[in-house]
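There are structures below to look over.
Two complexes, one shared chain (subunit A), two partners (subunit B, subunit C).
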Partner chain A sequence: MNAPKENNKTLRRPYKVEQKPLWWLDNSYYFRYMIRESTSLIVLIYGLVIVVGLLRLTQGPYMWQGWVETVSSPLMFPLHLLALLAVVYHAYTWFKLAPRIMALRISGKPVSDQKVEWAHWIVMLGVTVACLLVASCGGALL
Partner chain B sequence: MNSEHDIPNSSTMRVEVQRYRPELDARPWWQAFDVPYTNDTSVLEALQYIKDELDSSLSFRWSCRMAICGSCGFMINGVPKLGCKSFLRDYGALKIAALDNFPIERDLVADISGFVEKLETVKPYLMREDPSDLDTSVPISRAFNQTPQQLSLYKQFSQCINCGICYAACPQFGRDPEFLGPAALTLAYRYNQDSRDQGKKDRMPLLNAEEGVWGCTFVGYCSEVCPKSVDPAAAINQGKAASAIDYALNLVQLGGDK
Partner chain C sequence: MSDLNVGRTTAKEYHRSHEPIVWSLFGAGGMVVAFLMPAVVIFIGFFLSLGLVDNDAVSFERVIGFASSWWGKCYLAILIIPTLYHVAHRIFHGLHDMHVKGPGSLLAILFYGGSTLLSIFVLYLLWGIG
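The block that comes next holds the complex of A and B.
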């Protein structure tokens, strides 16, 4: 093939805009998305604390007691509070989205988004209460 | 009319328009115009006024003026919208730019060909497997009846007008142009959900891929800005459930499509 003639050269020169590193600061919708996603980091940290607790439990009563004292110290209170807020906020955003993913139908009729959302809250509260009951009365039952 | 939204005939609005003339400009720049408007002046009409009366060199796409052709998508004050469906009465000042996340061809014309190519790859049309339907020498003579319930499984997702506004609202597409993106994935899911279609196994590999449904992180802004309330985010994330089931079926070799 011959080289294209000079007058055949395209005059097109599409301008490409690169995504800004801080794209999520320009739009409040994106900002709330980033807050929603970043709650998982706090949950990750709290999860690691719990995993360390399990490890201490396998190392005997002395080590376990040390871990319990550490997590009960007032210095740890902000982490507990932050983790609780992060989980509740994440649950709130997730339960809002869940109905659109589930597209639930009962005998052919679509179930309203509100019902699916409330069902999630009821199940979460039920499981939370059950866990708290087992945690506080479990020793007594044994 | 004497509603409180009535705007005196003499009103003008400062409209800033993004210009980019590839033969002249190194990068886009803003040009300001003063545009007279009334209660029912759309952003598209404002652009037409600029082109007719103030600067004929301005380029933008439009066709139907009634939110069905999907040509006049712009970033209007930073939000992707159809120009014909946005009105000056709802704004104090206007900044109009080409749709985000696409290369700018000229002025307000975004090059959305990448999106159109992606749309083609997901085969957004009814596909049949039955040999009698594949014989193209005779016209199809039977009806493919559908119950209202079967229709309701995909109807919302079939309202897409391919305007590309959801792509301008998708930071995942902005980050990775290989991502199939909201509209293409929604159309793929729409045909998979159609009881008349038998082409699911051709589409699942695309949905299952990294650039398929799993490239979506449910930012959800696509559904927020969609001018036809298609809710692409719902379609994609329902597609994730379908993709996960497909993966599991593959794993135990019960079918599914790799």
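The block that comes next holds the complex of A and C.
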């Protein structure tokens, strides 16, 4: 048959699917997947800010105060806003996947995906309110 | 199915995958980011920045007192360490998805090694407080 000339060692002609690096822009499902993955970039920056805060705390009151003033300055506000959107979007996608990971059964009956998802949201809101109350009342959760 | 092995001179070698360890750290981090991070971001970014809480709430004495207690150390370690592995795993695989694969395992060493080093640094800092 028609063996390719440049490939004279073997007749094998594998079918290769080419994928361009921007494949995730082609389809809204893939795009949302990439948005979900890129929340980690903002979380990384936020995590590093917290690590620096811990370092400043070990360096004494003056350095700690400097960190508090830096993170609460108006210049940092866009980062906080972006970080809030990122963690909430992350939580939304994480809780959507939760029912697939834990297929719960209560007395033999499967619990619906919505119930598992809502349970996660309720726990998350409870934890958030509790942490904010403790932190605001001087219990210092950072 | 033992007849499949007839004619084999050596036993098939199976390699242990690092994936279960990496994925469990990623999963733990995903939980922390979903459950604990929103409160941290709202507190620092909104309550503190907009002056909704008194600055005394984050005074050095209070925060160092919290970070000196065993529960404070546990909270801070749980907040930071799994999160570092979570983001390392996602950025590593995200780059792979965008065809940035790096020479050999350089990127894997960079991301997982980097989060391990930072985690050790965090534990060292927490160890030194109080």
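Everything that follows uses one rule, which is that the second predicted complex is superposed on the first by the 123 of 142 C-alpha atoms of A that agree within 3 Å, B and C clash if a C-alpha of one lies under 4 Å from a C-alpha of the other, contacts with A are read in each partner's own complex, and residues count from 1 in each chain.
Here, a residue touches a chain if its C-beta (ideal position, glycine included) is under 8 Å from a C-beta of that chain, and two chains touch if they have at least 3 such contacts.
Because the structure is predicted, anything quoted here is derived from the model rather than measured.
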item: Which of subunit B and subunit C A:D26 touches, first, second, both or neither; value: first
item: First (subunit B), second (subunit C), both or neither touched by A:E37; value: both
item: Partner chain(s) touched by A:M76 [first = subunit B, second = subunit C, both, neither]; value: second
item: Which of subunit B and subunit C A:A103 touches, first, second, both or neither; value: first
item: Residue contacts with subunit A in the superposition, subunit B compared against subunit C; value: C
item: First (subunit B), second (subunit C), both or neither touched by A:I122; value: neither
item: First, second, both or neither for A:V52, with subunit B first and subunit C second; value: neither
item: On subunit A, the residue positions that both subunit B and subunit C contact, one per complex; value: 19, 24, 37
item: Subunit A-facing residues of subunit B, complex; value: 20, 22-23, 27-28, 78, 100-101, 103-105, 111, 149, 152, 171, 174-175, 217-221, 223-224, 231, 233-234, 237-238, 240-241
item: Subunit A - residues contacting subunit B, complex; value: 11-17, 19, 23-24, 26-27, 29-30, 33, 37, 97, 100-101, 103, 108, 110
item: Subunit C partner contacts - residues on subunit A that touch it in the complex; value: 19, 21-22, 24, 34, 37-38, 40-41, 43-44, 46-47, 50-51, 54-55, 57-58, 60-61, 64-65, 68, 71-74, 76-77, 79-81, 83-84, 87-88, 90-91, 94-95, 120, 123-124, 127-128, 131-132, 135-142
item: Touching residues on subunit C, where the partner in the complex is subunit A; value: 30-31, 33-49, 52-53, 55-60, 62-67, 72, 75-76, 79-80, 83-84, 86-87, 90-91, 93-94, 97-99, 118, 121-122, 125-126, 128-129
